[in-house]
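I'd like to ask some things about the structure below.
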Amino acid sequence: MNAYVPILVVMTIAVVFSLLFLVLSKLLGPSRPDPEKLTAYECGVPTRGSTNLRFYVRFYVVALLFLLFDLEAAFLIPWAVSFRSFVADGVGYSMFAAMTVFFGLLVVGLVYEWRKGALEWE
Amino acid sequence: MISTVIWCLFAGMTVMAALAVATSKNVVHCGFGLLFSLLGVCAMYVFLGADFLAATQVIVYVGGILVLILFGVMMTHRITATDLKSELVQPVAALIAAVAILVLSVGMILEQVWPAKEHLDPITPTTHAFGVSFLTDYLFPFEFASVLLLVALIGAAMFTRDSAGEDSDHV
Amino acid sequence: MEAFQQMLSQAGWAQGMQPWALSGLAMLFAGGTILGGVAVGAMFFIWTERKVAGYIQSRYGPMYVGHFHGVLQSIADGVKLLLKEDIWPTDADKFLFRIAPLLVFTGAFLSFVVLPFGPDFVGASLDIGLFYAFATSSLVVMGVIAAGWGSNNKWSLYGAMRGAAQVISYEIPLGLAVLPVVMSVGSLNLGTLAEAQRGWLWSWHLFNPIFFVSFVIYLISSLAEVNRVPFDLPETESELVSGYHTEYTGMKFAFFFLGEYADMFVVSAIAVSVFLGGWYTGIPAVDAFVPAPLVFILKSVFLVFVQIWLRWTLPRLRVDQLMYVCWKVFIPLSLANLFIYGLIRSMVG
């Protein structure tokens, strides 16, 4: 538990500090709003259309692929951490073979994505 | 004593944020409510001494799933104007189901003997233990997980192929 | 933190304090030092950026404030930003617009806790240090999306989507690139990773051919992770005005700025502790009398300088090139690197 207390302290300091400065700037800065100033700045010309844009579907696919590879990484990391002790115990080879199966399927998935054009962004 | 107060703060944050997710009318706000709820759960993991799980929680759920949800939301039209009401409203059935679930969960919580400790041990590294058990006791589920991920990857590839012909804004 | 605790326990006025109060005070001091360090460091980097940019483009950069080469320019800018009007664009999402700079700043700030400035100079020596540092960047991603969505500005939203997609994409090669080193040391603790490079210069991980490939992948991916040139597509001042922080003014903008420069330092410091020998100078005899934090900070500042140098030298990539480099070059390369390292280690032992 103790090792995590500094994180809490630093988080508190960060939030308090940033709120303090936001309040300070609110107090010190002028406030002279006018409708022209408050419009969205899009190259200086009056804005057109709605902000509800439709996004290129690739963004969604990238997020999806990231999620899957992230999960793979979450499995790979504990293996990488224990790998040294496996090698020291003389079972490095079999543990590597076990990982190769996992790894191989990941590579098959990546190759499939590549061939199907899921990694293209045109 | 202090740690109990901090625990309560995080637990409160988790529950309040979850409530905000359920009640907010704005889908993007729901997403950000979920962010704070997930961070609260991460803090719970830290309290339980599960350090690897806590980091995975943030990386996979916040960095992965939440971003995916928000990207999905942003691909749809008219987010703020959407009325999230269902056509079919059955208050009686909903109430019965909700009360039944509440009774069941409370019953389970009371029934279970929780292995609670007076004082939490200092965190012992869990990552190495995960690595060892992945490749020994849980080798089959571990390898099976990669099959599952492969299936998901193939599904993702299908998703792009279907939409390849659709015209959309190139950003 | 340990260093602060030691200093306090030797100080006269702190004698007779309860141990919990002592460690609490040490933590507050450490936190305050980190905060001050981040603020001053970021200001220094902003000044450096402008001076380096100036010299690369055959001009001077800031020259007046503070008399000597405009050293106080950043402080003047900070005061100016503090005194500026806080503009809330029409129809901005109040909640998201407000929390976005906080998320970006807190995310960047939190990763400082695990950086090993020296054997005793680390905020929290976590066993999952490296993984934790990656986790904090998820907060930054959420902050970027909140800024883009909350601003009610099309360019902000485009910038935010690009930024989020880019940061999450490059997080994969970044994570995979450091794995061979993790396999060799058997820990995710940044301090332990640095400790493993004690001794002469060639014991640094940089000088192992496989780790060298990792280092190159890490260095380039980290540029994308902090949205720097050649990967500054979320900002692209020539097309998106200023990307996701277009609508931000005054102090809120300052937090985005601080966060960006703090993040540059964090990725550099991680590179230093994983690949460049951490706080070791590479000559055992020198290590004995050179203060560890100084070595660590100098190395990290050098990498920040490299990032600045690249920014004013390279052109910007296109979005498709960015994604191509990540998914078709770095990810296969880092996977192959990981596989080869595993194969060699499991055969040779």
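Going in written order, the chains are labelled A, B and C, and every chain counts its residues from 1.
The definition used in the following text is that a contact is a pair of C-beta atoms (placed from the backbone, for glycine too) under 8 Å apart; a residue touches a chain by one contact, two chains touch by 3 or more.
Just so it is clear, the structure is predicted and the values come from calculations on it, not from any experiment.
Peer 1: Could you classify the connectivity of these chains, where an edge means two chains touch, as line, ring, star, complete or other?
Peer 2: Chain contacts: complete, every pair touches.
Peer 1: Between B-C and A-B, which chain pair is linked by more C-beta pairs in contact?
Peer 2: A-B
Peer 1: Report the chain closest to the protein's overall CA mean, measuring from each chain's own CA mean.
Peer 2: That would be A.
Peer 1: Quick one: report the Å distance separating chain A from chain B, using the average Cα coordinate of each chain.
Peer 2: Centres of chain A and chain B (C-alpha means) sit 16 Å apart.
Peer 1: List the centre-to-centre spacing of chain B and chain C in whole Å, with centres computed as mean CA coordinates.
Peer 2: Distance between chain centres: 28 Å.
Peer 1: Going through chain B residue by residue, note those that touch at least 2 other chains and give them in order.
Peer 2: Touching at least two other chains: 51-52, 56, 59, 63-64, 67, 71, 74, 123, 127-128, 171.
Peer 1: Please list all residues of chain C that touch 2 or more other chains.
Peer 2: If we look for residues of chain C contacting two or more partner chains, we find 126, 131, 157-158, 161, 164-165, 168, 171, 186, 188, 319.
Peer 1: Could you pull out the residues of chain A that touch at least 2 other chains?
Peer 2: In chain A, the residues touching two or more other chains are 3-4, 53, 55, 58-59, 63, 65-66, 70, 77, 80-83, 85, 95, 99, 106, 110.
Peer 1: For chain C, which residues are in contact with chain B within the complex?
Peer 2: Residues in contact with chain B: 93, 95-96, 99, 126-128, 131-132, 134-139, 141-142, 145-146, 149, 157-158, 161-162, 164-165, 168, 171, 186, 188, 319.
Peer 1: Given the complex with chain B, which residues does chain A contribute to the contact?
Peer 2: By the definition above, chain A touches chain B via 1-4, 8, 52-61, 63-68, 70-72, 74-75, 77-83, 85-86, 95, 98-99, 101-102, 105-106, 108-110, 112-113, 116-118.
Peer 1: Spell out the residues on chain B that touch chain A in their complex, using ranges where they run on.
Peer 2: Chain B residues touching chain A: 3, 6, 46-47, 49, 51-52, 56, 59-60, 63-65, 67-68, 71-72, 74-75, 77-80, 120-123, 127-128, 130-132, 134-135, 139, 142-143, 145-147, 149-150, 152-154, 156-161, 163-164, 166, 168-171.
Peer 1: Show me the residue ranges of chain A that touch chain C in the complex, using the header's touch definition.
Peer 2: Against chain C, the touching part of chain A is residues 3-7, 9-11, 13-15, 17-19, 21-22, 24-26, 28-33, 35, 37-43, 47, 49, 51, 53, 55, 58-59, 62-63, 65-66, 69-70, 73, 76-77, 80-85, 87, 90, 92-93, 95-96, 99-100, 103, 106-107, 110, 114, 119-122.
Peer 1: For chain B, which residues are in contact with chain C within the complex?
Peer 2: So the residues of chain B touching chain C come out as 26, 28-29, 32, 35, 51-52, 54-56, 58-59, 62-64, 66-67, 70-71, 74, 123, 125-128, 171.
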